[in-house]
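In structure tokens below, several structures.
Next come two complexes, and both contain chain A; in the first it sits with chain B, in the second with chain C.
Presenting the complex of A and B:
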């Protein structure tokens, strides 16, 4: 196993946040099902509120007095619908990042956070419009750019920056505290550097390809599930092959050169000029020293496998090329695809979790209440949860030995018998 | 009803406990200027008057009265209304000034002698705590409970004593042994300390004598004529000697501990298997990267790698003054370009090519568990 791969396998991105497509779909289904069950339960426990969802405030409202008896449960979002909404809100997130003129890394990190969060949390449970800003703000911090919350709120015209802070810990939990996201941007630089050392590569062609690939990287992998299914280097190569397939293949043959490298087919299907204008540099790799190990790392077999993976990734990215940026903010598309889903979402969202500030307050109170009784099980936030903690406190020292009356200290009762 | 005032009823010191004499008579207290409540002798007349109590009823009286009343065998307590029969043997002088405290201490001692289980006798800490709670409740009943409560507590105590006789005896013996051991240890330590002191004293004495001898030798040398050499030599000798004593001690101590360690090893070698398990093969130096190899496998780090994007920083004082190495950047970029190229997530997460199947299973279980938790909490 190549040392680079071993090192990548140590990352939290690989260990916690890499899934095969089937597993990811299964997780999303599970999340969706769980959210459905819980929200249905909550909605039926708040009968008067379930059709009173016009305001985004949650259960704190007084119940309606019009006495409408438990209406039928709303129609829930299906997993594909949820995925589409997440994609839409990801594009919104990227747009917000552009608006705030954030760096590529921040936007990418925030987008990855956002998508990761909504793998194990349903979009019906927590408000995506809020979590989007939370992810952006937290992404800033994760990438080492520490903007003040007031400033950040001002950028987006939010008069209550506390809303953003309220979701921060929630987001961290959803990310399973894996804050480091590996991006393909620097990898693209590395690939360019490597390619630039080759003798027969036109600099202009390389620069154009890099520019295009970077554009792809800024959008396509973020809005698809590429970060879950592929490693940064694979994503980078896929983007590069979208920009200039010849360069990618050149790099691949250059890298996996072990036994009998196939004939050089650089630029076979790209119209770009491939004039041999560079003098032959001395940095060309020497002939490989044959060994089993080398074949495992840079042999033709693994090259084919990598090429297959890159091709799959490329197909994934090709679905959301940067030109689709406008697609997601196009009025007609919004009206046709997104607005109905958002309407549906507003009907089936979780009444207890929708308001992040309120949720955080309730959770803090609960945490304070059960600070010393560990066995108190996580109960749903709300009035019912507060009651079972007091009972738990009494039994810290075990159950009572025997029912006793309250002790009274009777010192003045003469224990020695009658008076003199 | 004629009643004798309790001994402390008058005088300044009595005001603490006798505030409500009329409703409930306070405990008799002993004060230095007391008068015997039985014979009305006051200390003025009998300088070495001593007050005794009997734990039966804790009524105090002077030793003369005790001798007078109880020398001829058991008799009734002379206090009015107290119908206890007391014996001469039971009298003793009180340790505490406040007889209520005296009584409580006596009761506690009695209870502790019966309920003498140690924490090791219980399976869980909670059981032990429950037991302690029970004992404390019982004690409280005995000390300040009503008549009925006291009687039930007494009964409980008696029953327990009867039921657990052997156990109590065993625990008592164990407690005595522990006491004995600690006493012996203390004594040994004290002995060792004394020994050390004596040795130090002897050493000091020796040193003094040595100094005197040196001085004499020095004077002799002076008398003979070669002053400087003699004095310096003596000084040096003395310093050396002093160092020698300390060094000798250190060596001795080292030998001693070595012997002790050897003895330890010899003793523990009976349980040799355990010993062996504790010390596996030497681990070698600590590797913070847990065996990760940093030599690139797929690419070679060429010198002179560059990128138009970083060229402009190469002359930027803000970057070069701080000692920023652009090789670091290129190395990292190259690493990221090739890291994970051979990681096929789809295959590995499904079948586990890079990982063993067990690892994959546990990982997915963990993921599922966390997913559940997140949904539920």
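Presenting the complex of A and C:
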């Protein structure tokens, strides 16, 4: 377990995509605020013939008495409303994945992609209904299933499946090119096998627990923030405990039985103590992250803490048990909770970002122009200005990839130890 | 408002655990990327078109800005080389020209019309996660013009193991050197397997050498995660000369043992300074394995005759024992030969694992592995000379390159 945790801390899932609830909420607030500001700016700079709202009222663009045009700003989604919609669209994504009979890994990876993307991008900026297909398509690839876009489109009866390709690169960028997602499925198999070795475990009970836990893993962690807050094995244990608390306690007892008293292993933990926060400039990362996140992810030695963590994860999963699949496609629920938000969304979405195909075309054009100008001049005009923007917006992401990756880590588990 | 993205169930799904039909990847039946502006109106006419008349300059979102910043950190220099799916350029950090990097720019592939190419996806996925001194490290990623993917890799200036092996006239090396190189290779492979990653293209020219002599496993364009038990994989991986018998026989279930075989082939090649089993076709490759190592039979490999493409020459050769290798491979001593023989066990179940390789006694016996600073380096005679030398050996380099390409191309359409 200790080895697994040390390994996990090197993963991009931990380094880039693990946050405490406080930190995650702060990032989402920031994303929401930034999107509002940008969309407001873009909407008001539009010529007032507004096809940017899907339900323009006859009065919206009528000149005022004083003759000036007032493109009234729409009401924006609040962060909780965005969260609600992301959850709804995640359930749609999972339904689409079921429909296409995709594997558990593909669906889970796609769901994680989708939710990660919308941490630093607002649902008002990029269209969730499109991005969920992009996430599914790229999720297939990330899990090693390379299916043609035509075939993919056929499965979903899409008339222009190649539109999905327009969002692929955008998604990748939003994921910060970290496309490996670690899931709890394998851990569940391992746990079940370990339990099966115990003398007094009833086979049927164990099989039922594994079955139910798997059902939970296929839905609950994917549609909540579990992947942001907990490790795969914590999620697995939480799911197993939802399925059969008694069995999970047996497993925990078993695990702690094997774990030696907290080894004060100064050497073995070196990379951890320099951790993801290690080489990073202190200013770039908010204070909540380091201590809080580590508390949740390190520390299998301290039984109570582990139990507390698993309990917390369990409570999170319990909010979206597999039975909630029906909830998210129930007409009455949709009408009451989702449709109003989608209406609202349709009025406040980003006019420059909503059409992914067009966006890609424009981006390519721009890139071509930039590349031309860069060839002529090593420091492209506007670079300085661009950097200013980054100082404001860029902090939404922790650190850039480079500083951490360049640094070589001592490798813990090489049985060779030091050099040959 | 339609709330469901779903339509009537398709009859067969291409995403199932065991895809029955291999989707075409070479454009047959795959519409080319259409001119976007044409299809987008008909597609969804309530999507507002961006204000395309005044699109320039369109402000950048945080992710786009981050990408611009990342890209601007590096200055791209001369071209270092060209692979099947990428061009590689020398680069340096803008803030400090002494920090060198290799920028691997993924080519836009004509035959792959489905977005980011499989090789690029795989390389990105695995290099992003694997941090080990003997695995090439990914420093950064950014996109350039036309949404080309650029992988910023550590710069490895001392060529690759193939160059050293081939430059018989000017590069001399001995058992201690081989032990050092093999040790680094074994660790890299162990680390991949310990992280549930199969490399699937281990060969001397994918083993690059850092300025300090450290060997780094590179080119993860064919890598994949270990499959769940029962799940099928493509047999069409690994450059032919390094491909194990189970893949040549079309096995769809395999393990880290495939990489271990390749390690064995590299080991043999380091010793004899020529590819050990250089078949021109798959059939020839199998024949060579049968002749030089032994014929796979039910006796030495239970179940082998059940593999889809199992065919062997009629005159069965008994598996050679250690002694038989001593003449040709004795330079690494009896312990070295023992390790070699274990890596080329015909039955993948009996083949030594990467971890067991690291525990082998050869590493601990004399001669000690050479310190990496003291390892032989490619001769400073210049790369042009080197390239010319390689060309003078007909069949060797060219044939190998072709093998790699074939494996790549056919792999596109496969699930994993």
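Everything that follows uses one rule, which is that the second predicted complex is superposed on the first by the 307 of 420 C-alpha atoms of A that agree within 3 Å, B and C clash if a C-alpha of one lies under 4 Å from a C-alpha of the other, contacts with A are read in each partner's own complex, and residues count from 1 in each chain.
Everything below uses one rule, namely that a contact is a pair of C-beta atoms (placed from the backbone, for glycine too) under 8 Å apart; a residue touches a chain by one contact, two chains touch by 3 or more.
Computed from a predicted structure; not experimentally measured.
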| item | value |
| --- | --- |
| Chain B versus chain C as contact partner of A:351, first or second or both or neither | second |
| First (chain B), second (chain C), both or neither touched by A:165 | second |
| Chain B versus chain C as contact partner of A:173, first or second or both or neither | both |
| Touched partner set for A:332, first chain B, second chain C, both or neither | neither |
| Touched partner set for A:9, first chain B, second chain C, both or neither | first |
| Which of chain B and chain C A:229 touches, first, second, both or neither | first |
| Partner chain in contact with A:157 - chain B first, chain C second, else both or neither | second |
| Partner chain(s) touched by A:132 [first = chain B, second = chain C, both, neither] | second |
| More chain A residues in contact - chain B or chain C | C |
| Partner chain in contact with A:34 - chain B first, chain C second, else both or neither | both |
| Where chain A meets both chain C and chain B, residue numbers | 7, 10, 34, 38, 120-121, 125, 173-174, 176, 186, 378, 397, 401, 409, 411, 413-416, 419-420 |
| Residue numbers on chain A that touch chain C, as the complex places them | 7, 10-12, 34, 38, 46-47, 51-52, 54, 92, 95-97, 99-103, 106, 120-121, 125, 127, 129, 132-133, 137-138, 140-152, 154-157, 159-160, 162-163, 165-166, 168-170, 172-174, 176-180, 186, 329, 334, 338-339, 342, 351-355, 357-371, 378, 382-383, 386-387, 389-390, 393-394, 396-397, 400-402, 405-406, 408-409, 411, 413-416, 419-420 |
| In the complex with chain A, residue positions of chain C that touch it | 1, 3-10, 13-17, 19, 23-25, 29-31, 33-34, 36-37, 39-40, 42-43, 46-52, 55-70, 72-73, 75, 113-116, 118, 121-122, 124-126, 128-129, 131-133, 137-141, 143-147, 149, 179-180, 183-184, 187, 190-191, 194-195, 224-225, 228, 355, 358-359, 363, 368-369, 371-372, 412-416 |
| Complex contact set, residues of chain B against chain A | 3-6, 20, 23-27, 37, 57-59, 79-84, 100, 103, 126, 129-130, 133-134, 137, 140, 143-146, 150, 292-300, 302-310, 330, 332-347, 349-350, 354, 363-364, 367-368, 370-372, 374-377 |
| Residues of chain A touching chain B in the complex | 1-10, 14-16, 18-23, 27, 30-31, 34-35, 38, 120-122, 125, 173-174, 176, 182, 184, 186-194, 196-197, 207, 228-234, 236-237, 255-256, 283, 285, 297-298, 302, 305-306, 309, 378, 397-398, 401, 404, 407, 409-420 |
